[in-house]
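Going by the order they are written in, the chains are A, B, C, D and E; count residues from 1 in each one.
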Amino acid sequence: MTYFRPSHLRNHFNYFNNAHNTIPGSLNLQPRAIAPKITLIDYNKNQAFRKELENPLDCAVYLDTESVSWMNLDGLGNETIWRQLGEVFNLHPITLEDIVNVPQRPKIVEYDDHLVLISRMVTIDKQSNFFVSEQISFVLGRHYLLTIHEKFDSDGFNEVRDRIRHQKGLIREKGVDYLFYALIDAIIDDFFPVMEIYGELVQLLQNEVVTTPTRQSLTKIHQLQQDLLLIRRAVWPLRDAVNSLLRDGNELISDETRVYLRDCYDHLIQILDMVENYRDLASSLTDIYLSSVSNRMNEIMKTLTVVSSVFIPLTFIAGIYGMNFNTDKSPYNMPELNWYWGYVFVWILMLIVGSGMILFFWRKGWFSNLDNLKK
Amino acid sequence: MTYFRPSHLRNHFNYFNNAHNTIPGSLNLQPRAIAPKITLIDYNKNQAFRKELENPLDCAVYLDTESVSWMNLDGLGNETIWRQLGEVFNLHPITLEDIVNVPQRPKIVEYDDHLVLISRMVTIDKQSNFFVSEQISFVLGRHYLLTIHEKFDSDGFNEVRDRIRHQKGLIREKGVDYLFYALIDAIIDDFFPVMEIYGELVQLLQNEVVTTPTRQSLTKIHQLQQDLLLIRRAVWPLRDAVNSLLRDGNELISDETRVYLRDCYDHLIQILDMVENYRDLASSLTDIYLSSVSNRMNEIMKTLTVVSSVFIPLTFIAGIYGMNFNTDKSPYNMPELNWYWGYVFVWILMLIVGSGMILFFWRKGWFSNLDNLKK
Amino acid sequence: MTYFRPSHLRNHFNYFNNAHNTIPGSLNLQPRAIAPKITLIDYNKNQAFRKELENPLDCAVYLDTESVSWMNLDGLGNETIWRQLGEVFNLHPITLEDIVNVPQRPKIVEYDDHLVLISRMVTIDKQSNFFVSEQISFVLGRHYLLTIHEKFDSDGFNEVRDRIRHQKGLIREKGVDYLFYALIDAIIDDFFPVMEIYGELVQLLQNEVVTTPTRQSLTKIHQLQQDLLLIRRAVWPLRDAVNSLLRDGNELISDETRVYLRDCYDHLIQILDMVENYRDLASSLTDIYLSSVSNRMNEIMKTLTVVSSVFIPLTFIAGIYGMNFNTDKSPYNMPELNWYWGYVFVWILMLIVGSGMILFFWRKGWFSNLDNLKK
Amino acid sequence: MTYFRPSHLRNHFNYFNNAHNTIPGSLNLQPRAIAPKITLIDYNKNQAFRKELENPLDCAVYLDTESVSWMNLDGLGNETIWRQLGEVFNLHPITLEDIVNVPQRPKIVEYDDHLVLISRMVTIDKQSNFFVSEQISFVLGRHYLLTIHEKFDSDGFNEVRDRIRHQKGLIREKGVDYLFYALIDAIIDDFFPVMEIYGELVQLLQNEVVTTPTRQSLTKIHQLQQDLLLIRRAVWPLRDAVNSLLRDGNELISDETRVYLRDCYDHLIQILDMVENYRDLASSLTDIYLSSVSNRMNEIMKTLTVVSSVFIPLTFIAGIYGMNFNTDKSPYNMPELNWYWGYVFVWILMLIVGSGMILFFWRKGWFSNLDNLKK
Amino acid sequence: MTYFRPSHLRNHFNYFNNAHNTIPGSLNLQPRAIAPKITLIDYNKNQAFRKELENPLDCAVYLDTESVSWMNLDGLGNETIWRQLGEVFNLHPITLEDIVNVPQRPKIVEYDDHLVLISRMVTIDKQSNFFVSEQISFVLGRHYLLTIHEKFDSDGFNEVRDRIRHQKGLIREKGVDYLFYALIDAIIDDFFPVMEIYGELVQLLQNEVVTTPTRQSLTKIHQLQQDLLLIRRAVWPLRDAVNSLLRDGNELISDETRVYLRDCYDHLIQILDMVENYRDLASSLTDIYLSSVSNRMNEIMKTLTVVSSVFIPLTFIAGIYGMNFNTDKSPYNMPELNWYWGYVFVWILMLIVGSGMILFFWRKGWFSNLDNLKK
């Protein structure tokens, strides 16, 4: 794990489109953007087919059929297409702006005949191990669902497509609101593996901080906290959006589907619970790290104090007998120098002083911890 | 107490079922799971009997009788049985998912003719001294109650079974909602011994931190905080669930039973109070620990400073008289070396300097604390 | 003040009755409990009398009289009496449980013909200087008030009894709801002296931490914070209870008395304000304590640094001239040793170096703080 | 600024009247209190007069006149007067208690024919530079306003009196509710100079902490935080009171005056914003102070380490050549002592070692910071 | 970036007009203020013209025309003009006060026939790199909009003027409420570049703190936090104001424009999200800074300990053989001095001791971190 989020991953979750000072409803498309591919999946209980649409205007015929029509766009892009889509689906300029000028904050907006959900889908970037996210926008009408992916390569919805094709589960028997739920559920489910990776990261950091804290540990912890905050900021407004779907009786969502959406809501709360849990853990790691730095300092000081306290007094004693007082002038001038056992006596004195100091420190329990120095 | 929750106990309270990317309503049963045992207890004021049911379909006859029918399943397991149960009890696929795909966040969901309560029951793991928990699900109908244990070995409800069998208390005279209350009460009561153990743990840690703080103390404190957070996360949604039972006038719960449920609610608030109290205590222990590390550092530095400050000046004095200036060349060259009382004079000088330093430190009150070094 | 709350005072405010796993409504009376004494005070505008009742059943005749009948029980105790009381006063089993199985969280519960208030009364334990508390339960009917003390020796209500006997104030002219208010007011007033003691304690600790912080200071601060938390937890639910009396138009409380209860409510908020204030103060004391430990370390290090920095270079100089280079072999070998002013020159050199160091430290302002070492 | 609030200023803002255990509605007047002076100002669009009233009963005639009658009492005092006032103005005993038993928490209480506002007015104590406060109580009727000052010497209302006398602004054309507003506005305006002084104090402390932190800095910061908390506690309930006037349609306040009161409300929010801002600043000062203590420690340790690391190895070298090995016994015994360039060689060695150490520290950038030691 | 906000930029965002103790509705204009320039832009779908108005009274004719009339004042100033404006636009004295007595807290006030929005516009001060702000006031009527700039030089609205002149977007086809929205949108858009600058500042500080923390780093961090708080305080009440426009069905705002305002609201929440994010980052920088100071201390202590622990024992050994025991008096008196290999033996001993110490520290991993000292 690198310690700073690479700059090309930084704008994820900033929810901050820097195209400002522009006319409301204007679309800020990148010049090199390709026209998005429109994939239609149309199904009812008995049959399902898939079709690539060249022109947004071709969508119009599917909007009012009784069968469920799911149109999916991979990638933003060409302005003409957006203007056409806006007309076909009767989208407000502000809605187009929200869909195209990514990233936007997740939210739900209800119009007369459709509702718009702006959401985020997360995945883990294989190279940097940071999570990345893209915006998924939903336009839910009475018989159709339009989904727009910010990029081309997402495949989080494949499992739902499978269920439609192979008639797994109830999806073919239910209406478009159930499809809407199934896709939201897929988005939410994609958060769990990300949370699992962050859970492991927390465990790894906990081990690192307790056993071998390094100078980078704190930066890693804060990078982790920052990422958790970003996830939280993606989930929280999504939770609000789903909650408002649950409470306000929007007629596009049947009561039956609402039971399923309540389950989505519970999962979002579970994710938020996990995020809070990991944030708590991360902030306690900061404490442990700081105390570990203090403990290390204690060990360093102990080493210095033991060595100094033992040898400085001994050096003093040796210094005493290095003085040059003239023993000839007086019997009181360092008579020890001329004693028969003088040198032996000094050594014994020094051994007593030295082992006295060591005993003193040993009784204070300093050495027991010195052993733990690397633990 | 080990410092980290053993991995096989870690998934408790994570509320995070890792069976994702699946069709809503699908049941993730472990392949080796045995079919759950269904125990029926049927009673009214006059009589009570107990019966093992082989087949979930056998439950059907008891659902509409006037007597109270309590069906209990120990263990999850066989998918067929769940499909049958779902049919017999008219359970929504999402409900089945919540019951079977453990762990789930505690919650209450109301349907037309029954209500579903997902709850957690805690016990202390005898080996590791960590608390563990299992999910208990309730399905309350007009004349029946279905309870599902995640595992086989729980016996928290035995006391209620006793009361039914021996006609203790009012339980035989009341309806199924009273039974529902009695079982919730039993679950809540099981939290108290767990809290008692954590209360003792807090006391032990407080003593440890004040008297003999070690490097592991902080990790223990954070493990404790983590566990308290887990308990809080089990109790909080349960509190919400009971509260919503109290406020929303669900007709399955009689006003009389509601009085008793209010008592449950009070107990849950007591548990939350205790959890908050212990969390406050634990976070103050962190402060005490850190200050104790600082104090220890102070003591180490004091020792070093006292020893160095006493002996370094003395060594300097000894060094002076170890110089080899030629006393023959000049009367000003170290005449002290030839004095009659020279050596004695130096010792007196050194005693004055040394005891001066010690007096200086003593007046600063450093020694009074040195005694407390191990306290 | 001892630093830890003595164990026999510890269960106060825990709100945690450890009689669990029992049948709802069962009473956990201590085996050695004596039957409580029932004291009846019956009064109206014109007359008042006091009477000891042997049997709870004797209360029955006073319940429906127009005069105010105040029955007071000192001490819990005999189960028979409680069963009789329950019958006479028409008390719900849960109410009996709340009254008898002390301690309970303060709360108010409204029934058809009476309301029940569980409250706590605090006093300061003379011996340990910790505050202690007991539970006071109220049952307010249309013409009667039943009060139950947890213990025998409380006399917080004597002043109200005096007012009744000597017809002081309005109490004799008002109904039973005014008596109810007067007793709640007496309970709340008892919190103020406790707060005063804790206010003084905060001041004492502030002085201690600023002038002579010891190792115990932090433990004392946390003990104080813990106690304040306990008081807060006694007052907060009481505040909620009084507030619910004010808002919900319970017909047992007249509008006139409600004006007085609003005053009680204000006093409870004042107490909570004070508690918050003292808690803020206590937490700022922690900061001051920790910074004072750091400052002390600074002083220690300064002492060491000054002594070492002055004497280590001097010792080096002395060491130079203690070398034994043979001056006979070369005129470059330590010619200073044979100079006429050699020794004097070295002393001058050392004085310059030593005072240079001291000047260096003095200009950094280190000595100005050394004087403050004990301040 | 002294660091602790002098004791005679301490009861301000405690909101805690220590006259407890008394009969509700009893007035705790100080024995030496003088009877308050009652000043009547009566005005309408055409005329205004001022009159001193000896007796509260004289107020009665002005209560129902169409002109605006403002009665002002300076000082609490004589009980008789209060009993008379209570009768004339029809005040509830609890209201009298709130007015007289100062200090009380700011609040608004509405009665049938009048409303009572308890408020606080702040000023800066010239001597100690601490702010002080007194209680101002308002009784607003249909045609009269009664204001009661806790002390004699306040003159915050003079400006309003001036406006009445000289017919400045709209005050003479409006009713008594406008007068009520004008006085509240005057009280609120008095908070701003106090906030300005605290704003300057924050700036001063910020400079002190960044440039010359002393041991008292932290105490000053906490004293500041404490004072800001006190101001907050005076403003917050006042804000609640004004807000309840705005929302609840009390008929004593006209819609026109309500527009002005909304302005008061905005000012109160501004004051609270400032208080929060200063509290944030003060708490960041604590961080800067603590980091500055740590930095100082770093500098001390650097000094010690540089001096020790340079001179200890040099002293060791000098010590080597101070050894007394007998050069006569062996050519390997310290031949350097007899070298021609021995002494010069040792000096060169020591210069290399010493400047090597200094170079080592210089490359680590330690000296750049040594210069900043006093910055 | 200077570390303290220059004093001439300090009053921004204080929301604190120091003209107090004045008659409500009085205008505190600076004596040297010039009369504001009134620029009228009047347009409808078909035509648009721009005109400078000398006299506020000239505005009157445009107020009731069906075309959209936008009057803009640059600068406050002349009191006469304000009195005339107040009359022409029917402004409440309090409104005039709010517009003129800058700065005020952002807010919205609704009157019968117009609504008043007080807002703030931010820009970055080119010289000091601090953001500055000015107050923009809006008066929205049925067919007119009056905007008042605090200063002359703001040009944030030019882009809207352009859109009107060149008929870009929908602005010419919509009513005055759309113009109102467009200007609010322009104000909000101006916050984004400010946030971008602060985002970069956070990144710069993060790099500084991790790589080369200096004593000023903490002051910079706190200056940053302070500024973010100021921005938050400008945006938060604006958010409240826009929210109240959205919820309360003010008839001056059409439902169509409300959809656009909801977009403004989302942008304000995005800004608040960013502010919170940067504040979190800044507070984590404080942690990293403090831990970096501690780590630095550790490195200093390690250096001291390594040098001392290696050389102090060696100096002791050298000191031993510098003693002057008389080898002639006894064969036990320092016989080593006369050994043939004595000096060599001592050097070997010292090399063993020295490298033993270094090995000891190396095995503890101290040197690996010494390399990181500057990292």
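One rule holds in what follows: a residue touches a chain if its C-beta (ideal position, glycine included) is under 8 Å from a C-beta of that chain, and two chains touch if they have at least 3 such contacts.
Since we're looking at a predicted model, the values are computed, not measured.
Averaging C-alpha coordinates per chain places the centre of subunit C 41 Å away from that of subunit E. Mean C-alpha position of subunit C lies 26 Å from that of subunit D.
In subunit D, 290, 294, 297, 301, 304, 308, 312, 315, 319, 322-324, 334 are the positions where the chain touches two or more neighbouring chains simultaneously. Shown here, the protein chains touch around one cycle, each chain meeting exactly two partners.
Taking subunit C first and subunit D second, the full cyclic order of the chains is C, D, E, A, B. The touching residues of subunit A, counted against subunit E in their complex, run 4, 14-16, 18, 20-21, 23-26, 92, 94, 97-98, 104-105, 107, 109, 215, 218-219, 222, 225-226, 229, 233, 286, 289-290, 293-294, 296-297, 300-301, 303-304, 307-308, 311-312, 314-315, 318-319, 321-324, 327, 334, 336-344, 346, 373-374. Chain contact summary for the complex, subunit A toward subunit B: residues 159, 163, 168-171, 181-182, 185-186, 189, 192-193, 195-196, 210, 259-260, 262-263, 266, 269-270, 273-274, 277, 280-281, 284, 287-288, 290-291, 294-295, 297-298, 301-302, 304-305, 308-309, 312-313, 315-316, 319-320, 322-326, 329-330, 332-334, 364-365, 369, 372, 375.
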